[in-house]
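Shared chain: chain A. Partners: chain B in the first complex, chain C in the second.
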Partner chain A sequence: MRRLSDLAPALAGALACTWFVSSAAQPAPAPAEAQDLTFVRLTTRQYQHSIHDIFGSNVEVKDNKVAPGFRDEGLLALGTRKLTISSAEMEQYEDLAQDIAAQVVDPGRRATLMSCRPDDESAADDECAASFLGQVGVLLFRRPLSEPELRMYVSTHSEAAGQLHSFNAGLTAALAQMLVAPDFLFRVEVSEPDPQRPGQRRLDAYSRAARLSFFLWDSTPDAMLLAAAESGALLTEEGLTAQVERMLMSPRVEHGLRAFFSDMLGFDGFATLSIDTNLYPKFTKYVHEDAEEQTLRTIVDQLLRKNQPYGELFVTRETFLTPSLAALYGVALPRSQELGGAIPWVPYEFPEHDPRVGILSQVSFLSLNSHPGTSSPTLRGKALREKLLCQKVPPPPGNVDFSLVQDVNNPKFKTVRQRLTAHSTEAMCAGCHKITDPMGFALENFNTAGEFRTTERGEPIDASGTLNGRSFDGIQQLAQVLKETPGTSACLITRAYSYGTERKPSREERQWLTALQSELAKEGGVRWRELMHRITLNPDFYTIPGAATLTVQAGR
Partner chain B sequence: MECEFQVMSIRKPLSKILPGMNVVGACLTAGALLMTAPDASAESRGYAISLIYTASYSDQDHCPNGGNGGPPEMKQRILMSRGYTREQAFKIVASNDVDENGKTIDFRMRGTLDGEPVSVAIFPTSYPDPHIETAQGRYAYGFNLDGKVDSSSFEDPETHEQGVDNQMWRVLGCFTNYQVRRPVIPYNESIVWDTAIDSMPAWLVSISGEDLSKDGEVTVTFDRALNIVMRNAHGQVLRGSSYTIDSDPRSHSVFKGRIEDGVVTVEPADFFMQGESQFYAVLRLTQARLRLTLHPDGTVSGVLGGYQPWLDYYHYLSIRGENDGLVDLPGVYYAMKRLADADPDPATGENRAISAAYYIEAAPVFLTNGAGQIVSTAYPGDAHEPGAPAQRKDGAVQQNAVAQQ
Partner chain C sequence: MSTHQRLSRRQVLRGVVGGVAVSVGLPVLECFLNPSGTAYAATGAALPPIFGTWFWGLGLTPGHWEPAASGNEYALPEHLAMLEPVKAKINLFSGMQVFLDGKVNQNHFSGAQCQMTGMVSRNGSDYTTSIDSIIGNHFGQRTRFRSIEVSCDNDRRSTWSARGENGMNPAEVSPLALYGRIFGPDFKDPNSADFTPDPAVMVRKSVLSGVTEQRQALMRRVSASDRTRLDEYFTSVRDVEQQLAVQLERPSPLPACSVPPPVEVENLGTLVEQTRATHRQFVQLIAHALSCGQTQVFNIAMGSSFSPLRKPGEASAYHQLTHEERIDPQLGYQPTCKWLAEQQMAFFLEMVQTLDAIREGDSTLLDRSLVFAYTDHGEARLHSMKKYPVFTAGSGGGRMRTGYHIAAEGDTVTRVGLTLQQAVGINAGSWGTETNRATKPFSEVLV
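Up next is the complex of A and B:
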C-alpha cells in the first residue's frame, strides 16, 4: 500500500504538521484563561465504531493491531489516559487512514456522503472539498474545525488534486490526513472553570459530549449530541438529561455495554489465550472465537433486552450457543443452517439439572482464568476477587516453590485441590491462597477448556468453598452468593464510573457511589440503563480533579 | 386429492391430521416428521461416521504371485507388453514416463476405440483384460450373504464367520494400496474421505433400544445430515456436536437387530446413502448386514457389508484415475465383471452386483429432526460426558433450544 507521503511528495511534511497545527488550532480561547488539555487514546473498537458511525458500517476497518495498553485499577480504560502512539503504531494508523479515506471518497459511496460535486473530476475543487471536510471534520474531531485547520486540510486536497489531476485523490489525501490527526486518534478533553462550582473545573461542552458518547456508545458523538454541545444545552441539567435519555434508547448502547464488560472481564486476554488442544481437543478455534461473544450476548440480553439486574448474570440459565460451544458444553443444539450457511447463534436455556449457570460457567471466564493444561482455582479465585469484587490480590513472592502445584502426575495429590491444599501449608503461600482458592474451588467442576467434569484423574471433585463466611458447594451456590453479596454490585458501579471518567474516583465520588449502590439495591438491583442514567447525570462525572489526571498546560 | 400415511396403526387422511395445510405440503411435512420422529425406544444414541473405507485384511498368503503393485509396476507391465525390456521399462517410469525419444507416454490414453486412442478410465473395454492378480487366502472382512460356504468365500478374521462373501476384496486386495490391515487404511480412500467430509453432508447412524447397556433388540438407522461434519482440534469428528437429519427418504435406511455384549448385529436390509463426494457419490448395498461394536469411549466401529452395484465402485475409481486410485482400471473393470456375484441382469444373465464390505467408525453426536427435536443423544442416559441432557425412560429428551435465530 502506498503511504500518504508517496501519494504526493508535498504531503510528506503535511502529516507531521498535522500533529502541531491541529492541536494548536483549537477553538479560540478566552484571552486570560489557561486551558487544561488531557488526551485519551481511542481504543481499537472506538476507532472502528467511530468510522462506522460517521461513514457507514460498510466501510471496512481493517484490524488495527495497536497495543491495547495496560490495566490501571482493573481497567484498560484508565490506561488509555497514559497511552501514546509509537512510530510503528503510527504507520498502522497511516495505512488504515489511507485505506478508509479511499473507501469513503470512492465515487460509489461519495455521492451519499457529499452534498456537492466537483466541477471537474480531474482538478481540485476547494469549495466542494471545504464543504465535505468541514462536515466530516466536526464528527471526526468531535468539535468544529477552526478556520486555520480547515484551510490546512483544503490546502492538502488542493495540492494533491493538482499533482495527481484528480479531485478524488485530493480528497483522499485530506481525509487521510484528518484520520491520523491527534484530534481524531485521541479524545482531547478540554476543561473550563465550572461556574456552578467556583474553584473547580469541568469539561467543556464538546468534551462532555465525547465523554458521554464514548461511555454510553463506545463511539463518537452524533450530530444531535454535537448540536447540543454547540448550543450549550449540554451544559444544562435539562439539556444533558434529554441527551442522556435519548442516547440510552439508542441501539448503540449495546456497543457501550459490550466495551465496558470486555474491559472489566479482561477479554483482551483472548488475544493471547493458549489452551493445550492436545489435552482439550474440543477447544477448537471456533470455541476460541465464540467464547467472548457468548458472554457478551448473554450480558446484552440480560442487562439491555430484559433489563435484568446485574446479579442475574451469575445465576441465569439463559445464554446463546453456537454448534462448537454446544459440543464443548455437551448439549444438543438443533442446527437449521444448510451446508455452507452462516453459523447461527441460538438462544439456549440450560435445564434445571444442568450444572451450568451464569457467566462464570461459560468458557470465557473458565478458560481465560486457567493454565493452558490445567484448571487453576487460584487464577479463577483471583479473577473473581479482582474483576468482580474489585479487591486486590498480591502477587506471589519471587521465591515461591511451585513444584508441588505443577506436579500433575503426583500419585499422592491427584486433584488440583489436593495439590493446592498441600502447597498452602507453606506459610509464605497460605495468606494469598486463603483469599483466592476457596472461591476458585467452586469452579473445579469445569476443566481448563470449560468442559464439565465430576472427577479429576479418578478422584471425585470437591467443589466446596467459602466467601466472607458463607459456604458453598459448586458453581450454583457460588453464583447465588455472588449475586447476593453487596460487594459485587458495588464493584460494578465503581468500575463503571471509573471506566466512564477513565480515572479513579475521588473520595467524594466514592461516597456518592456508595449511596448510589444503596439506592439501586432498594430498587431491586443494578440495572444497566439506570446506572448509566445516574452516573451521566452526576455533575462530578464531568469534573476534572487535577491531581488524578495527566494534564498538559496549553496556552490559549 | 387425498394423501394417506399408515404409520403405527394410524390411518387417517392427512388433511384431518394437519388441517389448514395444502395437501401436498401436508404430505411432505408429515413425511419428513415421521421419517425422523424419535424412536419409541428408551434409549437412542447418535453417531456421525468419521471414517468409511474398504475393509481390507492383508496377510502374507493372499497374493501368492506377489500382487499387482501400484502405478509404477502397472506401467512397467504395460511397457513390457509393448516390447520394452524390464530395464527399459523401469527407466521410462523412473523418468516420469518419458521414453527414449523424449516423448511423454500418456498411459491413461492407452485404450483404442475406432482406431483412436481413448482413456481407459472412461472406456475400460477399449483395452484388453490384463488379468490382474486377485486375492486368495483364508480371510476377508464381511458376512456370509448367500448362506453358503464354498470355495469362493472367506472367513471373517474377527468373528470367524465362515462363508464370507467379499468378491470386492478379491478384486482389489492385491493392489499395493489395498494391501493393508486396520488401523492402516487404503490410502486413496482415506485421503478422499478426509477431504470430502469437509464439504458434504455428514453420514449419521443411530442405535436405539430399551437399554443399550444390556442385551436386547435394537434398531439401527442410517441418515444423512443437513450439516457438514464438525471436527475437533485434532481433526477428528467433534464428539457431542449436533446434526439435523435430512428428511429426504432416500438416504434413510433402517435395520432391525440385536445388541449382545456390546456388539450390534442386524437382519439383512437395503442400505442407501447419497454422498456429495467425488469418491462416494453414492453408497448402496442390497441385503446389507452390519456389525457394530460400542466402545467404552462412546465411539462405535464395525463392518457394513452387502451386495453393491460393481459399476458404482468402478466409477469411484475411474473418477480418481489410475494415478490417484492406484489401480489398473481395465484390470479392475474386467475382474469386477467376472467376479460379480449377485443381481443377474435379466437380459444377459451377467451379475451386476458384487459382494463387498466396508469398515466404518463413528463418533457420538446429537441428532435432531427437522422440527428441532432431539432424536438421539451423544451420550448414555447417565451422561458420563459433560452436561448431556438427561434422558427420560420414555426416550424423550428435554428440549432446550429456545428458537432458531
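Up next is the complex of A and C:
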C-alpha cells in the first residue's frame, strides 16, 4: 500500500522526521487557569505563501478577499493582533479550504505529496490518512499534532470517506478541517516561563520558529526549522544563530522583505487607488499594476542582491521598468528588451542628471500620495513624515473653511504651492502644514500620475523645501537629506522590530534599537540581512510582555 | 472532544447520505402567502422582518434639504425633490447632532460611529457592535447569511458594520462575486419542487462542527486580551455552519423569490456612473436575496466617508471638493458638491424603489423592511457634527409609520437608532453612551 515518492519540499522534509505526531497533547497541557496562548491572524500573503511552501506553488490559492485590517504605529502587522475573522471572511476561508484541499489530494497531485496509497480508493484508509495528515499537520499548525488531534482528523477522514465512498473525499474533508482551524488561520503563540529571566515569559520553541519564519520569510517554518524547535536547539544561542543564518541565505527571504516594505509603504492602498485617466492618460491599468512591483523590485535589488544600505533606496538611479512605466517616465526601452521574454521587466538606470532618483520619484509613492486629479504636497509630506520618519502628523481640525484659498480657478494662486501657502496662513492650519508641506513641495515636479513637469498651469514650479533645518530644492536634494538624516534609518529599524513582534517596542527595547542604529551607522548604514540578523538574535524579540501590553492600543 | 458530540456528527452524516434520500429537520411544508402578503397562508407565520443600513458620505447641502414643515404633510425641498415618488414610504429626520463630550472630533468617523454604535470613541480606534448586528441578533439567524455587506467604491474597508470589538465586517465590493456567493451553486431555490440534501454539503458542515468542538479547550488557555477575538472566530465558524445547515433544509416557499440574471459585467470605480452601476447591481442582488430568504440584514455603503465619488472631468473627488470648492456667491452653495449629493440621493431613491418593486401579495418587500440611511457629517465642508440628515425607509411590517418629516433640533442622532430597535421589537429603554444616550424614541412614528 505504501510507497515513497517525490514529495513537495516541505512535505519531504517533514517525512524525513519522525516527530510529526507528539505523544503529548500539543500545545503542551497547561493548568486550567493558564493563559499562555495569544493569536495573530495570518495576512493574505502569509496564507498564500504557507500553502505554496507546504504543497507546492502550483496549488492555486484563489483570490483571498479578507479585509486588510487596520494600521497601528504605521503598520498593518500590528493590527493583526487585534483582528478576528468575521462571518463573511470565514465563509471565504471555508471555500478556500475546500478548494485547496481538493487540489492537494487530487489523484494527479497526490502521488507527489503522499507516501502511501489507499488499498481501496472508494473507502477510508486510516493508516494512510494518518501518515499524510500527520506530515501535513505539523507544517500547517507549525507544531506536532497531539495524538488526540490526529485521531480527530483521521476520524473526519474515515467518516467522510465512508459516507461519500471515496478515500479522496475523506482526505479532502480532513485537510479542509485543518485549513479552517484556528491553529492554521492564526499564529497561535504559546508562552512559557523564561529560565534565563525568572518572572518573565518567552515564546516556546515552536512559536519562536513561527515568529522567525513569518518575519524573515513571510511564511510558515520549514521542516528544518521545526526540527530545530523540536530538538530544543532553537532555544539555544548557537542553534538560533545557525537557523537565522540559514534562513537569511534562503531565497524565501525576498518574500519577507517584500511583505515588510509593502506594509511600511502602505501598498495596500493600490487596491483602491483612483487616478483620473482622462486627465492622466499615461496612467494606464498596466502602470497601476506595475507601480508597486517596480518599487519592490528596486528594493529587492538594492537591499538583497547588492546588499546596499537602506539609504541607497532614496538616491539610487537603478530600477526596473516595463513598457508601460517607460512610457510614463518618457524613457525609450531598447526594443529587444521590450519584446524579450514573458516577463516584461528590464533593468534600467536613469542618467545622472535625470530627475528620477530613488523610490520617491517612482509612480508608487507619487500616485499613492496624491489626489485623483491633483498632486498634494500635504499628502506626500505627510507620507514622508509618517511612513519614512515614523513621525505622527495630527489630523486636520474641524471647522476649517478651505474654500477661499483652494479655488483652482483663482488667478492669484495658480499652483498648488501658492494655494497651500495662502491656506497655511490660517493659524489653526499652519502648525500641521509646516510639518508636511515643506517636504512635499520638493516632489511638486511630479504630477499625480508621477509624470515629470516643470510648470503648473503656466507657472514655474518651485520645488524648494526644508527638513529639520536643512534646505533643499527638488527631489535630488531631498533624497540626499533623507539618506543622511538619522531619523530615516531609525524609523526603519523600529518599524522592522515592531513588524516582527507585531507590537510596540518596550522602553528597554527602544533603547536597544537606538544603540543598534548607532552600531549599524558605524558599519556604513542599515543593511537588510544584518538588520534581520541582529533583531532575530536579540532574546527580547521572543519575550512576551505583560498581558496588558499584549493588547495593541490600535489606531485605525 | 466529547463522545456525545462525536456520535452526534457521525449520526448526522450516516443519516443523511447512506445511499438513501433522507429528509433532515425539514420544516413544515408551507404554502403561499395570505392575501396581504404579510404571512404564510398555511401557518399564519409572519414573513421575516428585514433590516438594512444605507450609508452615504458627506451629508447634504446645508440650508437646502431641510423641509420647512414637520409632520406628514411636508413638502420636499428642491434638493430632495427626486425622493417625491417614495416620500410616503420614508421618514426624514433633521436637526439632530452628535455630541463629542469633550473628545476630539475624528473627522468623517465619529459621526457615523455614533449613529451605528451609539458611542463616540476617544481615539477613533474603539469600534463596537453596530446596530445592524444588534437587530440581527434579535432576529436570530434563520437565513443562510447572517448579513450581507457591500460597498460601491471598491474598498472592502468602506463599512460601518461590526459584531464585537475586533474589526469591522468587510464589505463585498464586486457584484460578480456577490452573485456567485448568493446565487451560485450553493443556492437552493425555495420554490423548487425538488429538494435533496447534498451529501457533500453535509460533510462540509460536519467538518466545521469538528472545529467548533475545539472551542472549549482553546478558550481555557487563551490570554484574557485575546479571548473575545477567539470567541468571535468560533461564532463565525458557527455562522458558516448555519449557512450550510440552511442548505440542507427544504426552504419555505417564497412566491416573490426569483433568481436575478447573472452578473456578467462589472465596472468598479469611483466615477458617478461606475458607482451608480455598481450600486444598482448590488441593490438588485440584495433585493432578490431578501425575497428569497437568504438574509434578513444588509448594509450598503456608497463608499468611504471620505467619499471618493467623482464627477467626470472633475480633477478632485467629492471629499476634496467639500473643502476646496468655492461657495458660489449667487447660488449660496458649492455647486459640484450639491450635484454629487443629489446623485447619492438618486441612488437612495433607486434602492428604496427596488425594494418596493418586489411584490409580496398586497404589500412589498420594502413594507416588511426597515432601512436606516445615515451620513458622516452635517456640513461636511466644516466637519460639522450638527444638523444631520437621516432617513428611514419602509414600515418594518407595519411597526413604523412613514411619510413624516421630524425636526428634532439639538437632539442626539441616537434617537433614530433607539426608535428602530423598538420598532423591530427590542425592549430597549435607551441606547448610546454619555450625552448620546437616547432614552426617548420618536414615538410619533412608532405604531
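We adopt the following convention: the second predicted complex is superposed on the first by the 503 of 556 C-alpha atoms of A that agree within 3 Å, B and C clash if a C-alpha of one lies under 4 Å from a C-alpha of the other, contacts with A are read in each partner's own complex, and residues count from 1 in each chain.
We adopt the following convention: contacts are C-beta pairs under 8 Å (C-beta built on N, C-alpha and C of every residue); 3 or more make two chains touch, one makes a residue touch a chain.
None of these values were measured; they are calculated from a predicted model.
When both complexes are overlaid on chain A, the residue A:Leu83 reaches chain C alone and has no touch with chain B. In the superposed pair of complexes, A:His371 makes contact with chain C only, with no contact to chain B.
In the superposition on chain A, A:Glu159 contacts chain C only, with no contact to chain B.
Here chain B and chain C are compared by how many residues of chain A each touches, and C touches more.
Residue contacts after overlaying the shared chain place A:Ser324 against chain B, while chain C stays out of touching range.
Contacts of A:Phe283 after superposition on the shared chain: chain B is touched, whereas chain C is not.
Look at A:Leu333: by the touch rule set out above, it reaches chain B but stays clear of chain C.
With both structures placed on the common chain, the touch criterion links A:Asp354 to chain B but leaves chain C unconnected.
In the superposition on chain A, the residues of chain A contacting both chain B and chain C are 278.
Looking at the complex, you find that chain B touches chain A at residues 199-201, 226-228, 230-234, 236, 238-244, 366, 368, 372-374, 377-379, 383, 385-390, 397-398, 400-405. The residues of chain A lying in touch with chain B in their complex are 277-278, 280-285, 318, 321, 323-324, 326-340, 344-351, 353-356, 451-453. Residue ranges of chain C in contact with chain A, taken from their complex: 1, 6, 9-10, 13-14, 16-18, 104-107, 109, 123-125, 127, 145-147, 149, 153-157, 163-164, 166-170, 172, 177, 181, 199-200, 202-204, 206-208, 210-211, 214, 218, 220-226, 228-230, 232-233, 235-237, 239-240, 243, 269-270, 308, 310, 312-317, 320, 323-327, 334, 381-385. Residues of chain A that touch chain C in their complex: 27, 30, 32, 34-39, 65-70, 72, 82-91, 94, 98, 148, 152, 155-156, 159-160, 162-164, 169, 173, 176-177, 180-182, 185-186, 271-272, 274, 276, 278-279, 371-374, 395-396, 398-404, 406-408, 547-548, 550-551, 553-556.
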